[in-house]
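Labels run A, B, C and D following the written order; every chain starts at residue 1.
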Amino acid sequence: MLRIGMLTSGGDCQALNAAMRGVVKGICSKRDDVEIYGFQEGYKGLIYSNFKMLTSRDFSGILTIGGTILGTSRQPFKLMRVPDENGLDKVEAMKHTYHKLNLDCLVVLGGNGTHKTANMLREEGLNVITLPKTIDNDLWGTDMTFGFQSAVDIATDTIDRIHTTATSHSRVFIIEVMGHKVGWVTLHAGIAGGADIILLPEIPYDIDVVVEAINKRKAAGKKFTIIAVAEGAISREDAKLSKKELKEKKAKQKYPSVAYEISERIQKKTDQEVRITVPGHTQRGGSPCAYDRVLATRLGAAAAEAILDGDFGCMVAVKNRDIVRVPLSEVAGKLKYVDPESDIVREAKMTGISFGDK
Amino acid sequence: MLRIGMLTSGGDCQALNAAMRGVVKGICSKRDDVEIYGFQEGYKGLIYSNFKMLTSRDFSGILTIGGTILGTSRQPFKLMRVPDENGLDKVEAMKHTYHKLNLDCLVVLGGNGTHKTANMLREEGLNVITLPKTIDNDLWGTDMTFGFQSAVDIATDTIDRIHTTATSHSRVFIIEVMGHKVGWVTLHAGIAGGADIILLPEIPYDIDVVVEAINKRKAAGKKFTIIAVAEGAISREDAKLSKKELKEKKAKQKYPSVAYEISERIQKKTDQEVRITVPGHTQRGGSPCAYDRVLATRLGAAAAEAILDGDFGCMVAVKNRDIVRVPLSEVAGKLKYVDPESDIVREAKMTGISFGDK
Amino acid sequence: MLRIGMLTSGGDCQALNAAMRGVVKGICSKRDDVEIYGFQEGYKGLIYSNFKMLTSRDFSGILTIGGTILGTSRQPFKLMRVPDENGLDKVEAMKHTYHKLNLDCLVVLGGNGTHKTANMLREEGLNVITLPKTIDNDLWGTDMTFGFQSAVDIATDTIDRIHTTATSHSRVFIIEVMGHKVGWVTLHAGIAGGADIILLPEIPYDIDVVVEAINKRKAAGKKFTIIAVAEGAISREDAKLSKKELKEKKAKQKYPSVAYEISERIQKKTDQEVRITVPGHTQRGGSPCAYDRVLATRLGAAAAEAILDGDFGCMVAVKNRDIVRVPLSEVAGKLKYVDPESDIVREAKMTGISFGDK
Amino acid sequence: MLRIGMLTSGGDCQALNAAMRGVVKGICSKRDDVEIYGFQEGYKGLIYSNFKMLTSRDFSGILTIGGTILGTSRQPFKLMRVPDENGLDKVEAMKHTYHKLNLDCLVVLGGNGTHKTANMLREEGLNVITLPKTIDNDLWGTDMTFGFQSAVDIATDTIDRIHTTATSHSRVFIIEVMGHKVGWVTLHAGIAGGADIILLPEIPYDIDVVVEAINKRKAAGKKFTIIAVAEGAISREDAKLSKKELKEKKAKQKYPSVAYEISERIQKKTDQEVRITVPGHTQRGGSPCAYDRVLATRLGAAAAEAILDGDFGCMVAVKNRDIVRVPLSEVAGKLKYVDPESDIVREAKMTGISFGDK
């Protein structure tokens, strides 16, 4: 008998169900004696032994469905070693659940924080295999995460819609795109949507350069300017502050989000009306795009192969055009940033996009 | 020779181009001797005689294109009688442009404010024909405005996407929908998207009824609650305030928009996390939906017939399933509200939707 | 105890689930003592007493899902009185199932054929309430059926896509649109998609008029011509044939469908390349559009009201902008055609569309 | 002065405009003295010196527009050396146009056939740079072509829609997907759409294996089977025929396309109803997806860099995640097939998909 535990953790994204379906269908194509334990709402389900027994049938027909049939929750890594309100040691509780159920393997679908905990569980002796899930595409060790392309599609669609209304009025439009501390979604959606200015966490912006780009467009007779801003975008002066100083400054300013701050700064320095659009959680929702469905299905099936091989302690990842296994120890705790000197940024600049960095 | 002036005024919306194409193709199907004067950016173009000569060709291929090829701007009715910064009398200027160009008719595409000015121009002796353009669907005298169904589609798509992420986490989600002072878009998108609670300007909400509906869902084992809120939604207590009192209260509260206010009130009274999504101007953007393209094309062609008939001073409108002409004098200055006692609201309530009004 | 039978019959379409959800939620909002019997695959389930007991929960979350959770099948009306292969009298069998289960009412969702059988069951003494479901919009007695607008959206999207490829090459494109014997979907999608020629069953076409329209466009420098053809479109000469003669002629010609016939005729008379696109069953598939969701929800809730009122023997329908009850006896056996003299056809012609009728 | 000729050749696809915009914006970001000669309708424009002078402005706002602003046509490679009806030597004519206009470089966007001619022009001494355009993704020398992902999206959407109607009825559905002689689009759309059976040119199918897969699903209680068939799919027995024998056989059979042949064979061997959907040219149409817009923009900008470097005779291509330059001599005349032994095929099989090859 093969006993597989499975959980989805962190912010949800598209293709979680597709990936789990790939894992389960993959295993069941080779083995008949399989038990699937679906832990509810991420690591919480593992801690409190809250699970459902699932069969291959439960994963049929979910390829195209957004969200996760297991539910998810955020369980910060740094609190994992802190006992819960009843004094329960969470790490020990997770190990206890794992051993009590006699699991052969735990499949974890998640992003950055999730991988830190997964690696810790590996260090604690559990057989862990992970899948790179996040719209942010910020996971070290994989070229691509599932959820990313779907989020890019939605953010691009937002920019497309704003384009038509922008051409009607003479305005500056700011679209704030998700991505946590990195700029991947914004960079791709910005290029795809034909944004005039793209502001990323990795390339601190100079507000005067931004304003200059706006004015230059106006002078050239262009009626509008579209700015794609990553939620983690940062100005050159803020980038020089310590983490603590920055936190205090932001707390004082009370902007609902970064787009509001940039809007105010632009309006102070130009005579242009500015409008803000924040697609927000829609970027995590809906049916995954075809690209993500293929990617998640492939990663899921490849994870099944790793399980059948007994090859644990790894993230199943994308390297160039191949699916590979990357040791969890190499992945945990590292972020994959946009390189300001990369080809894609240089090419984007050649098409006239300003990154606010002169 | 038939000389037609045309302008689009107010906030833009989908199918403006489709409607203008209908007008021009309609006229040119019957007459060869036509001159089209396209005034730029709404009434501003008429005031300052800023126009382009257009031909039938210019309206070819724009059926599916969002925005307006003429550009638009907001020119508040109440400022029309106030001279501009150079002392120019705007009403006289518009009449002057009209007569100078020897126009036979002015075709105006716009919403509420636009119609007040259009009616004034009619009273001043100009031949005016209008088309009911607004995503808000709040124009008195027509069952339907173009732009409305496209906005409903986009707001519904937003709710659909939020649904998948809502099922993953256990949260309350608020989607703030456009609609100015009325609730049409929110009502339709709320029903179409399967919202659990719908809050409209026409049905002031009681926060305790809203909270009760949330708690009832939670007690029934439903993991999430979706609330569709019209941007003009108002609480029962605020509905009792005078316009001035309300304005002062809002100014003090400093919420970016109504969703933020309702979110805070819910979070104070429940233990639920709340997330806000504001699709904003995307609701005005992109290619019009099929429904709006057909409606706008029909209205445009019917306006052409009215022009050819020499039947001016009317809005070309929808009454039941027919296209009719409604005197501008009956339309101007009136809003079409959602009737809280209407069939659609009662039917929505039968499917379990709360309007926060117990 | 209120015992409701329900079935979906005929070709499937969007918003069947939405409508059933409306019925069940509507009834359950007023009564606690309800039993729902879901007959499987249309009348077949009623004949052979094949059903599932369903609760309000089963109808939760299906608003946006295409297809029908009950399954459907085509059971031709004219075979209803013919015993099945085991000698079973189907009508008696249906009555038997109804009475055996002690049903208070049978809710039937279907199109034309379905309504004939529904009316017969009414005449046989059953309490029947129907809902107008069909992409064809050909049901007599209602302005609108659900499924129609979704099908229009999909057919329009097809024409939109063909437009871009048509502008690249110099060709004639024929898009064959569903609609059975009537032209509603083709008419609306053709206008919405900017088709140059629209061919409907209700307006027999003259191939020479079609060819002339194509040549005229070419002479005017337009590179392509888009033709939207209803699957039931018919030429002027074929319209003069008897049903039997036509059947024989078609059998000899062996065209896969009408678009192929028209394509061949055009290619014989012009030097233009012709390409055919047949979106086919996609026009019945996918999530219903917002319009259909609202319509189906309203019709469902209104059907619930009729049931609670004990008002049977009617179709719940749309009249102008109201939801009304129409006696089944008035509906059964009649088709609602596009009127060649109607406003919408005249307006379409004003925008330059040829209907192939000179 | 830098004089650039540009043309798009072969079947059109999405993101042609995006790629050309990338080239032109890229060059104009570095040089002011640029002249762009846009040849009309592919090589035909080069042969007959039919071109338009274009500026950077002409490429503004076309990022999201399907089709090609230059038009395209198919000019078979094997006819290039055959004089035209007036005895004109086409190759000499192209060289003449190139030299007469004093071009520094010719940018060619096209697929397989296009590249053969491009390579010949290089051999004839012209400076040629190409971009890999085709929905088929069959170009040797690049991991990815633009147009491919957009086509996959559309084919997947078709399968999604068919899925809902398939669940309503009990049927086999065949969706025929484009791809010329290779199976890339079908493979990806089949996986993304959750097809049960995928038939590719690269994996000749055994009809009995296909029928067995259908029957097995039926026996397991699944109501329907979805088959994604590449337009170039071939049976095991046909794969053994010579090219000539196959051509004769196909000519006799007179199936409109491969889906009809497979449908008939299935219906002969099972009792299942079969329905066919052929999305056809829609797969080439509409706005490019975000992925293709980014890819085409990057390739375009990279081509601009190659031009500015004076590095000619190459295709700008994707290798792993990098943009690279591949000698035309290595590309021309070779096809990139799906490898039946590749990871993606094996992973697809693990999720239960049959390729009809047992």
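Convention: contacts are C-beta pairs under 8 Å (C-beta built on N, C-alpha and C of every residue); 3 or more make two chains touch, one makes a residue touch a chain.
Predicted, not measured: the structure shown is a model, and the values here were computed from it.
Undergrad: What chains, if any, are shared contacts of chain A and chain C?
TA: Output, common partners of chain A and chain C: B, D.
Undergrad: Using only Cα atoms to place each chain's centre, name the chain farthest from chain B.
TA: In terms of C-alpha centroids, the chain at the greatest distance from chain B is D.
Undergrad: Between chain A and chain B, what distance separates the C-alpha centroids? Give it in angstrom.
TA: Each chain's C-alpha centroid was found; their separation is 35 Å.
Undergrad: Provide the C-alpha centroid distance between chain B and chain D, rounded to the nearest whole angstrom.
TA: 42
Undergrad: Could you state the distance in Å from the CA-based centre of chain B to that of chain C?
TA: Roughly 31 Å, centre to centre.
Undergrad: Of all the residues in chain D, which ones touch at least 2 other chains?
TA: 160, 163, 287
Undergrad: Name the touching chain pairs, please: which are they?
TA: Chain-chain contacts present: A-B, A-D, B-C, C-D.
Undergrad: If you look only at chain A, which of its residues touch chain B in the complex?
TA: 8, 12, 14, 16, 41, 65-68, 71-73, 154, 157-158, 160-165, 167-170, 173, 223, 256, 260, 275-282, 284-287
Undergrad: In the complex, go through chain A and note every residue touching chain D.
TA: Going through chain A, the ones touching chain D are 21-22, 25-26, 29-30, 61, 63-64, 143, 149, 152-153, 156, 160, 163, 188-189, 191-194, 287, 289-291, 293-294, 297-298, 300-302, 304-305, 320-323, 343-344, 346-352.
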